[in-house]
């Protein structure tokens, strides 16, 4: 996955002059940003900067008060999660979001069944659906969950649960994946492992872009092609990581002072 | 015109009683998050016990004017039955809602036979109180004074309950516990005690309601299961968990029924359910409810 | 594993995949035993089995909604009422006696009514869904109760003996019910059980379970929450309608109590008694409920107290129900 030069291409998706208010509170003010084919974009900013609102707006969960959200040329303002999945944008959440009593196989089959449209006939067998099962196994393989296919989700480790959450987003064969702090609540060792799996899997599965909200500046620096920094609902910066991390003002605006220990790891 | 006033007063009387039971339901739901199907049983229990209490009062030669306070005290006293029931409910607070609903359904079934065992299967009536208080003239309509007393008592309880929840220290603790049990416990609130208190008060609201209604009608085995549905209608219309909702919902159901009975008797309860369905379509969270996902 | 090292140490319990007792075989085994019952059992016992068949079918459907989709209806008896009154109206008002037609009409009527009610109710979950379904159940009950001219009010409506496969059966009422009707409905029970098994094992069934587990997440992996819930509601209502038809033919009467909310409560009771977490559990719950109620009623007039106490104890001590508890015991002994 490598970004293609943006200039002559249509963006994969974009937010154009988006504002979002909740009552008198303005969560987003005139935010514009675009994501191109092959990009890994990180949205950063202090708490309350509007990161989650932005993700909610660009994923069609919230309708912007003003402005436009387009995905592959289509207006997706407020279309809701099911339509979004159908169009090819899928989403994983900050908190671990799984189906506790379903096995890994079943969890992935939920997504694959909706993609392959296996729902119309309620008497159709799930177990004997070879195409569906093969696809479930393919996704599990890519995300490294193959060996855990028959484990119940609630019995997985925290890191595996995260992977399962992300895997079910992959099972939709999306062209864009939105991740809300994909590694929060996971030990720092696991964080890198998860990101590695994620990026490798995205390449293998033909995902065209990843947008993540992330606090961990290490991960942001290491994996992003571009950083969008939000502050009080406006775009403070939209630049490549190298430029971003060279600017101390930028860093302190987004995360306060950057702890030394995290800075010098790579 | 007189007919209108008649309907209005009849409906308000019914609403006054309905409010008490619904307020108990709301209180328990608000704090314990349990929808208590046995609220109807508490109501019936209050009614039966009220009859017994007034019977005793007559035996001891109490003047009939004191019957009204006797009924209220009887209702409050028998409401203490909420304490042991709460002990049992306590085992399932962290369990799924369906189990909480079912266990109160189990209590409802048990109470049915307790009533049958203690008071028999035939409905029990009590006319003495009605006669003792005579009638009053309201805008040219003769109404039993007793009904006016009940309406006043119910209003008084509504105000008192509001004061308790909004202004007193314990009331604030109750509301904090309702908001977030774990956080309240973190702040040193003894949630078990609050739950026991709330459930008992909720239960008392029901038993007082039952005790107050019995002079105007009868205590019967059907009244428990019938009232459950009516109080459900009240809370759905008013919004689950809201006290103001209980008040308005009770008025809507009470007046609706009274109007239907005098105009189209076939529509008595049907009209109530229709209002429930309409409210549901127009304002899904009820008139005063918070929207829920 | 070909993956980068991810710490699986904490919290990871290696789940041994013990082959669960297949719910379908439990149910079919039960039905097979019942097929042999007429050889040994008294007519009284067989008459007791008929309500079980009616409730068993109803509970199969009910549990698709409750156990599989996670929606607790407290008004499901409404559909028993629809089935019963369909049978009553067709046989005694329109002279239509074909049992097949009764079943099809009852299924269609329940399906249509549930489509409307479901569309209004399934937007809500948890307690709100329960209260709404209860309100609709009572709406129907008071219609049955008050509109005397149409429904016979509290007297109910008579249900005439139907023709099975277009054939008229001679002989007494008990002979008919415990003979041809018994086998007919038992076969129907087996077929509907098989169909329900297929439903729970399908991708559709999986989507229902995903909704129960986490509706929010399910929406993000393309599950159409509203449609799926509505479909589950309608299917469960159709099973209820068929169950109600069988109950009404058995008693020869359709009365408003069938649709009363406490009857809905009994359905939930049966489901939890048997264990809503398993396929055959609720049907077994229906069986135990029918037998227990019959037994307790024969011993004491205060049977409600006993049944209520059983329910309270069940909720406190055995929330998994009979089948869940048995399964846990089997696993503990066999899994070692």
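Order of writing sets the chain letters: A, B and C. Residues in each chain are counted from 1.
Just so we're on the same page, a residue touches a chain if its C-beta (ideal position, glycine included) is under 8 Å from a C-beta of that chain, and two chains touch if they have at least 3 such contacts.
In this text, all values refer to a predicted model and were calculated from it rather than measured experimentally.
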Central chain (distance from its CA mean to the mean of all protein CA atoms): C
Chain at maximum distance from chain A, centres defined as averaged CA atoms: B
Distance between the centres, which are taken as Cα means, of chain B and chain A, whole angstrom: 51
Interchain centroid distance [CA atoms averaged], chain B/chain C, Å: 33
Interchain centroid distance [CA atoms averaged], chain A/chain C, Å: 42
Touch list for chain C against partner chain B, complex: 66, 72, 74, 120, 123-124, 126-128, 130-132, 134-136, 138-139, 142-143, 146-147, 260-262, 265, 268-269, 272, 301-305, 307-312, 314-316, 319
In the complex, chain A residues that touch chain C: 80-82, 84-86, 90-91, 93, 97-102, 106-107, 109-111, 113-115, 118-119, 121-127, 129, 132, 141, 143-144, 146-147, 150-152, 155-160, 163, 165, 168-169, 171-172, 187, 189-190, 193-194, 196-197
Residues of chain B that touch chain C when the two form their complex: 35, 37, 88, 91-92, 95, 97-99, 101-103, 105-114, 116-117, 225, 228-229, 232-233, 235-236, 240, 266-270, 273-274, 276-277, 280-281, 284, 292
Chain A contact footprint on chain C (complex, rising order): 1-15, 17, 195, 198-199, 201-207, 209-210, 213-214, 216-225, 228, 231, 235
